[in-house]
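Presented sequentially are two complexes of subunit A, the first with subunit B as partner and the second with subunit C.
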Partner chain A sequence: MFHYADGLIKLLRKCGLTPVIVETSAVGSFKQNYTLLSSMNVKILSPSAVLDYIRKNFKDILFVFRTGCFLGGHDIRYSSGGADVDQIDAFYKITELLKKNNKDVISILAFDGDLFLNSKEWNRWLKKRIKNVDYILVDTDNLGYYMQFYLGIDDYKVIRVEVPDIEDVYVRIFPKYEKKVLLLGRWFGGPSPLSDLSIVYLSKSGLKFQIGIGESYHQVIIDRKRFSLEYGKVAFGLGYFYDFYLKEKKEENVIKLIFEGNYSHYQIPSLQLYYYPLIYGLTNMAGKITTYLQYGLIPVIPYDQNDFHREIIHKRMAIGIDKKLLFFNPLEYSDDFISWYRINIGMNLDTFTIAKFAEFIHNLLVKGDEE
Partner chain B sequence: MIKEIERLYQKGDLESALEKLKSIQSLKRDKSWYELFIKVSVKLERWNDARKAFLYGYNNIDKLDFSKIGNELLESYKMKSLNHIEKMCNDVKQKYQGKVFS
Partner chain C sequence: MKVTKIGYIGASVHRYIDVLAEENVDEFKLIFFDNEVKNAKMLQFVVDKYFPELSSKLSMSEIPWIKFLNYVSSEVAKTPSINDIIKFLPTAFLHFILNHAIETDILWIGDNDFDTSFLFANLLNYFGIRYIFTLKETRYKDYPFELSVLKHAKRIYLPHEKYVDFFQEKYGIDVSSKTSFGDIDWRSKLVKDRIVSKLNVAKLSQTDGKAHVVILSGRAIWKKSEVRSEGRYYYLGIIKRLLEAGFVVHLHTKAIIESLDNPIVHKENPYTELQEKYKNKFFIEDPLDLNDPLNYSVLMRYDYGLVHSGEIPFDETIRKFEEINVPNRFFEYWVANVIPICPKGVLDWMEKSMKNHVIFFEEPDIYEIERKKSITKPFDNYFHNLIRSITEEYLYQI
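Up next, the complex of A and B:
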């Protein structure tokens, strides 16, 4: 699922560009994305209309862009209905066709954290389709390294795409905060440093919010404001701890872990269906962390080797939990401390908004180079 | 002194205002100093100075309305970031209006 798709569309329109979405046969897996984009009056091409559109408009097409996952041979692919393979194949074919007719077309492929490269066969399949891509964007440096290690492709940039527009950031300072920890989205289970008494469960409130993903742009706008009013004073947000407390090995050598970890799997106890590779904890930038930051809630995350985690911990935007700490008590943090962190979050917008991608597009199109 | 600096700020002579603010000894810096220093730093787009003054003042000065100042600081920074994107987008628009992003 494409998070914050509206942010990208708004950015392109601000730049006077016309976004056109290509629907693939895996449309069912991304229904919410398509309905959201329809509600923004974005042109959506059905698979049968793509060729005709390209034939008529190839001179005016600047970019071909795709963001999302690649699950390779991993069992979790069954949950996505093959959408990853379908989309990357369509991206490859459209790009090849366009480049034959318009050599100036730029191809950009973005991967979110759900990139799993544990099958040689699928890696070969992927490499064939991405070797001529002009720009590969990733959420974390670890993900880029992982890709480099298994695909031999080292030309990537850490630029986050599935992030909110700056207009949709609601970081506010209050004299007093609710000293609790909000839990958004799914929970992988496993040990965490939280007592149930400290957690605010969004799902238990009976409310549903369309924030990062939604079915209607109108509803997304309403829900983002509603969420800010309802939860804007909550001090913290709980991130994923994955297998943080279960790992026996020290994470001193992330390269070694990437190499070894790819073959290790752990189960998501809450779902009992999916197994994520160990690498996920080191390469993923969880969508829920972005949402916490969007509202100034301080993420509570493991102090591990995930470079996105490290970045926001070092910038004093998140609390990094050391493995020795078995209990995080939100009441120990003063209102001043929380305001301090909120200022840091609100003044580091490049880290979790579309700002960096906007800079990338600008440099590429106006300066003729990405640097 | 602060009133004189305030006048410089109102006239738009921000560099002089900043210089005079910095000349005031740190122990004599009170609520009005912090309020003005943050305002001048924001106008000069010295975001790190404004952020540091806010954080230092937060811990050391009583009776300063930090919710108000903090929110103004965040809003100013957000506006600056939005304006920067707007400017970049205008550059793109001038060059490529009507092109397609697929």
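Up next, the complex of A and C:
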């Protein structure tokens, strides 16, 4: 599922570009994305119409862009309907076709944290399809290193795409906050330092919000405001801890072992449907953390080797939990402290919004390169 | 073997050096509650400074137990139930505890009704974890967590046999079959032999020919009628009687306050007035931190150490405990070769069982006490005995 798709569309339009979406056979898995984009009057091409469209418009096409996952044959593919393979294959074919007719077209391939490279066969498949891509974008440095190690791709940029537009950020300062920790979305289990007493479960409230994804643009706009009114005063947001407290080895060793290929890929416990590869905790930029930041809720996350975690901890936008800390008490934080962190979040929008990607696109349009 | 203690550290942290010195123990893990960081640091300091060869056996971890209990108390109920504790305990915390509780040869919990270790042991009961329990301070009133510990602990270590009767009377249960005797307040044999015994300190009495009595007490109060401690820390009466009998008295305390109910400090108070009245006979001394064994040199200057104020608690729940209690300071006096003295009528068990080690008196009579001085015998129980008993029972009892 493509998060914050509306932000990308708005950005492209602000740059004077006309987005055109190519539908693939896995459309069923991304129904909400398509209805949201339709509600923004985005042109959506069916698979059968793509070739004809390219033939007629290849001179006007500036960019070919794809964002999302690559599961490398991992079991999680059953929940996504093989969309990764379809989309990357479509991206590859369209790019090849366009480049034959228009050498100036720029191909951009963005990967989110759901990138798993534990199959040599699938890695070969992917490598063939991305070797001529102009720009590869990733959410985290670790994800880049991961690709470098397994695919030999060393030209990538850490630019986040599936993040909110600056206009959709609702960081508000209050004299008093609700000293609780909100839990959005899924919970993968694994030990955490939170007492159940501290947690506000969004799912228990019975309220549903369309924030990162949604059925229509109108509903997304309403829900974002509604969420701000309902939960804007909650001080903290709970991130994933995965196997943070279960790892006996030091994080540095884990990274090294992963890169050397000597660490099991199936370690994240207690997932409802499928076990996630261990690497996920270190390479992923969790969507829920983006949403917490969008509303000024301070993420409570492990101080691990995930470089996105480290970045927001060091910028004083999130609370980093040391493995020795066994109990996080939200009452220990003053209202002033929370306001200070909210201000830091507001001062570092490029970390979790589409601002950096906007700059990248802008530079490509103006200079032909972002450098 | 690996020994893990979870819970109270308490005063005289160097007791645990005997655990490190025990040949059966290869590794000692001390998991302490978060209100005892200072004591944990002190233990590490003493080990590193005086017994560095043992430091590799010791590891310590802090757990936010008190902080967590306070949080649950403030959010749910003043006295949280064990179900509340389990329900709201962070999973990382639980994982840590269970990991350490399972991966050890001897899991040791303790020691007192006031330090929340009973509650902690009940948490282990819930998860079916087996442990041994050392117990010292209690009260003669029903405490369900204590009863549960007495029922579930694999072995119990009580200071002496009268505790068994105490619990028989209190709960109607007989714990004798799984009880061994050993006092958690016994002092370190290694510290006594290697450090304190080698301190060359002259008694003050050798210089001035007077009999010097020391009183070690965390607090001293001047309002006797308070509820909280039932006047046990009221020393004005006994100090006056000792002074009138011709003793020189030295009071080492951290705080002189009105009462435990109203812990206010006055620069001028009945104790300072007494000091003014008995110049050169009554001294309010600086607090004495005996966690560093070298500080025993201060205590060793005195001839006698007062074990109890002699104030009899009105409240039965405290009085009945006092009857079987051996106050902590008795062991400090003994380590420093200071002869313990005590008013009769409060510490019943001690009066009957330790008359060779303590001089009990109706009224302080300097000639009578001086006469009995020569017949007191050295007390010969060390923390070493307790840990030896614990480890050998683990090895040889099924």
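Here are some notes:
The definition used in the following text is that the second predicted complex is superposed on the first by the 355 of 371 C-alpha atoms of A that agree within 3 Å, B and C clash if a C-alpha of one lies under 4 Å from a C-alpha of the other, contacts with A are read in each partner's own complex, and residues count from 1 in each chain.
One rule holds in what follows: a residue touches a chain if its C-beta (ideal position, glycine included) is under 8 Å from a C-beta of that chain, and two chains touch if they have at least 3 such contacts.
Note that this is a predicted model, so its numbers are computed, not measured.
In the three-chain model built by superposing on subunit A, subunit B fits alongside subunit C with no clash. Between subunit B and subunit C, the partner in contact with more residues of subunit A is B.
Legend: residue contacts after superposition of the two complexes on their common chain; A:166 is shown touching subunit B, with no touch to subunit C.
Of the two partner chains, subunit C is the only one touched by A:245; subunit B is not. When the two structures are aligned on the shared chain, A:149 is found in touch with neither subunit B nor subunit C.
Touch criterion met: A:191 reaches subunit C, while subunit B stays clear of it.
Centres of mass aside, this uses C-alpha centres: at subunit A, the angle toward subunit B and subunit C in the superposed model is 80 degrees, to the nearest 10. Of the two partner chains placed around the shared chain by superposition, neither subunit B nor subunit C is touched by A:303.
In the superposition on chain A, A:366 contacts subunit B only, with no contact to subunit C.
When the two structures are aligned on the shared chain, A:333 is found in touch with neither subunit B nor subunit C. Superposing the two structures on chain A brings subunit B to within 26 Å of subunit C, judged by their nearest Cα atoms.
Under the contact criterion defined above, no residue of subunit A touches both subunit B in one complex and subunit C in the other. Across the complex, subunit A is touched by residues 47, 51, 54-55, 58-59, 66-67, 70-71, 73-74, 77-78, 81-82, 84-86, 88-89, 91-93, 95-102 of subunit B.
Interface residues of subunit C facing subunit A in the complex, by the touch rule stated above, are 61-64, 67-68, 71-72, 74-76, 87-96.
Taken together, the subunit A residues at the contact with subunit C in this complex read 190-197, 241, 245-246, 324-329, 331. The part of subunit A that touches subunit B in the complex is made up of residues 11-12, 14-22, 57, 60-65, 94, 166-167, 169, 171-175, 336, 339-340, 342-344, 346-347, 349, 353-355, 358-359, 361-362, 365-366.
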